[in-house]
Amino acid sequence: MTIRTLIWHEHRHEKNNKLVASLYPEGMHGALKKAYAGHSEFAVDHALLDDPEHGLTVERLAKTDVLLWWGHTAHGEVKDAIVERVVQRVWEGMGLIVLHSGHFSKPFKRLMGTPCSLSWREAGEVERLWITNRNHPIAQGLPAYIEIEHEEMYGEPFTIPEPMETLMVSWFEGGEVFRSGCTWQRGAGKIFYFRPGHEAYPTYHNSQVLQVIRNATRWAYNPGPAWTAVAEAPNTPHDKAPVPLEIKGPRLHADGEEGYR
Amino acid sequence: MTIRTLIWHEHRHEKNNKLVASLYPEGMHGALKKAYAGHSEFAVDHALLDDPEHGLTVERLAKTDVLLWWGHTAHGEVKDAIVERVVQRVWEGMGLIVLHSGHFSKPFKRLMGTPCSLSWREAGEVERLWITNRNHPIAQGLPAYIEIEHEEMYGEPFTIPEPMETLMVSWFEGGEVFRSGCTWQRGAGKIFYFRPGHEAYPTYHNSQVLQVIRNATRWAYNPGPAWTAVAEAPNTPHDKAPVPLEIKGPRLHADGEEGYR
Amino acid sequence: MTIRTLIWHEHRHEKNNKLVASLYPEGMHGALKKAYAGHSEFAVDHALLDDPEHGLTVERLAKTDVLLWWGHTAHGEVKDAIVERVVQRVWEGMGLIVLHSGHFSKPFKRLMGTPCSLSWREAGEVERLWITNRNHPIAQGLPAYIEIEHEEMYGEPFTIPEPMETLMVSWFEGGEVFRSGCTWQRGAGKIFYFRPGHEAYPTYHNSQVLQVIRNATRWAYNPGPAWTAVAEAPNTPHDKAPVPLEIKGPRLHADGEEGYR
Amino acid sequence: MTIRTLIWHEHRHEKNNKLVASLYPEGMHGALKKAYAGHSEFAVDHALLDDPEHGLTVERLAKTDVLLWWGHTAHGEVKDAIVERVVQRVWEGMGLIVLHSGHFSKPFKRLMGTPCSLSWREAGEVERLWITNRNHPIAQGLPAYIEIEHEEMYGEPFTIPEPMETLMVSWFEGGEVFRSGCTWQRGAGKIFYFRPGHEAYPTYHNSQVLQVIRNATRWAYNPGPAWTAVAEAPNTPHDKAPVPLEIKGPRLHADGEEGYR
């Protein structure tokens, strides 16, 4: 078993901001890759916004089991057609891990169907992520909570659909709380949102944060074949029904006709 | 209390097809209005695809408590900007009842974030909708199941997010099943999908079907003020935090700056 | 419409502890009653642990629409047979609002099927309850958060089934968080757990806390008839099936026989 | 990795009924064992009602990763103390697969907190289980539906808590439907209810049924260490809080005191 993991990164802050460049000399995607170092079941690569097709060709997505997504300043530059590709692959069974400011990314908003809004503050305050189920696969090996010395604050209301599991809840020094580790299922795909990771702090060098990401990658992996027909609406004719039927009453559609969309 | 109810209808089949015109001489929207006849807490109107702005101006949506949606052949003609209006109003607290082929309507797919696909067959077969919680507000006054003599079949897999409540499940004569009455919460808005209502049959003259729709309208009604800021991401500065803070560590954002989207 | 509301209270602390007696001279149930003062749709009474049958006769429960529950030191004294009565009524459609230390009450643990454990501390610290959906019926009329100057801390993990809605999340001064306002549906009954209300503090004199309780009582009210058969397992004989059948294959049960339980 | 799987079986029908004895000469547990034949990651054993302590000693449960449960005529003979052991182990992380008439078993009702009632008929009719998410781990390798020639009917309303996932829905020849494959999470434990398996039919010789059971065993397996403290309510003193506190306001509890239960 190999979990083909693709880290998608906007990769703009590192180019435009000395602070971020110094925190992440190999890029935030470079730091995220270290989550998987020494764990041979992962095959890890990255894709960047400025790559052709944002590094997300049809072929590459077809070979991706779990996609990570970090974006912030350039959500609007991500092309809608490529967003639809990503979304289709999630429905087909690709796992998706959305990180921090990715709450406002196009793929996440598209899959949630809600604003995904929140309140925020950049003050370098303490964040403490409490785990509601310490034996969940995503929480393996972690203590009762993860404490991060400096983080950006995200506060409720976080306008998401009620999660399948509210696995982590954050406490912030300034007085707010946030549902910071949440799972959903959409089609055959599993989705995990994980809050930490502001670009101005060294969060992705924190081994516990990386462990959550590695655990979540395993959790999101679906070994089944891609459900490529997930968005189709097949007609099952009357004589091919599990219980074959005679047609009764009037009809609008002719035999073999496709449904309206 | 008045529940301002707006029935949105595509209203094309009645114009193009004699059968549908004869079944629904006042339009399907005319038949749906009868769900509310004699119930004074409802103020009911309709809006049609071919009305200016599809009958869904900002002003009118702002005065709508619960919106019904029936569409089929012309989903693609509904303008995206108007879909966004509808979706925003659901997030703000407007109830939404999506009927039958509306599973593929733009507002429903937008709010679900999934394909909303299914299998189907037009053979006039029996549908029997079983109720999983007979004391749910949407099921008030109904027997253990609703039986409809002739309906179009919709079969699983219905690719929706796991509902908040799977309230009704349909049995079809040809051997399929379908989750035919499902609820979700999105932002402050409550959503109900209700399966029956193929245009080739007199389903919306069935008093039990109309009772479900009337019950669901009451259920979906949110008496609170509109949550107009639901999609905003306000900054809470360090000195206005519930526990006022000094800024620690580095920063990317200047005071008063808006977040990236 | 009248919502027949019954406040169940252990009522031991007020008798045994001068502090609690001075905070709640009319008992905690007396303070809770004030949540409904001036709201004529409620008919409110109380029942106490030391009443005959804990004040929860079959007849009285049958006339109760919404039950509140506060207990702490004497959970073990509540008779199991009466717990079953309460639980049956919830399944039938009675609303249940469980307050604070009621997380360890027999009815709540019985309905959740989980330990309902948590961590705790009595240090008079600040609690701030953030609301995730400010237009939810239970949150009507409230600001973005409720702040309570002195409260007992309850911390995660709170071992409950994933709620239908995680409506409130608490921040505590000492660094913990807690899912402090949660909803569930069990049978026809709606359940709300609301965290605040330690007996050593004047929490139930806080008008915002009382407003949540009043709102929740309206939310939990089910106007439908009691689903008295909710726990029965009726046999539907082959010749009374919706689609009448001939019996095929072998059988173990004779006609008209009851199922095993 | 070895998944230590324990098949708990009532094992009464085979002794008292010639039909069942002939269908299951090695017992139903013997047939269920074949689900795992040739799959080396499973270590499978069985435990029977009439074994000492029902075969469920503390030691044995501690070494069980996933427990299957089939019971019918003798639910009432299962000792409450042993039910509590099973439930505690589920909370700690042991997977539980409840089969068919186990819907009325003590462990399942205890974990659900609802009646778990349904309607039923023994007429040897066709059951067809439709799968809502064909790429779910429990559905791996299966077609769109499983068809069983002769089965007992179970019909809605099935009074369970809303599942985490409604993975399978059954169609019955006589006209009923049933949510026949449902998942829940309770504490650290995953639970799957799977409907088929009436003792009068050879259902557990059906390779697709066995595949669901094998898949579900993998799905329910939690590799993490047992969460043995899941039901404890630890005190975190003020000076050991994540943010150490001075005590403010009055107190009822002395330092180091245990909470009430």
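What to note about this one:
A, B, C and D label the chains in the order they appear, each numbered from 1.
As a convention for this text, a residue touches a chain if its C-beta (ideal position, glycine included) is under 8 Å from a C-beta of that chain, and two chains touch if they have at least 3 such contacts.
Since the model is a prediction, treat every value here as computed from it, not as a measurement.
Listed by label, the chains touching subunit B and subunit C alike are A, D. Per-chain CA centroids place subunit C at a distance of 27 Å from subunit D. With centres defined as mean CA coordinates, subunit D is found 36 Å away from subunit B. Subunit A and subunit D have Cα centroids lying 31 Å from one another. Multi-chain contact residues of subunit C, defined as those touching 2 or more other chains: 128, 133-134, 155, 162, 164-165, 171, 175-176, 185, 187, 242.
In terms of inter-chain touching, the protein chains here all touch one another pairwise. Partner subunit B is touched in their complex by these residues of subunit A: 13, 17, 19-20, 72-76, 87, 91, 101, 104, 110-115, 117-125, 150, 153, 155, 159, 161-162, 164, 173-176, 184-187, 199-201, 230-238, 241-253, 259-261.
Interface of subunit B with subunit C (complex): residues 92-93, 128, 133-137, 140, 145, 147, 164-165, 171, 185, 187-188, 222-227, 242.
Subunit C meets subunit A in the complex at residues 128, 130-134, 144, 155-158, 162, 164-166, 169-172, 175-177, 179.
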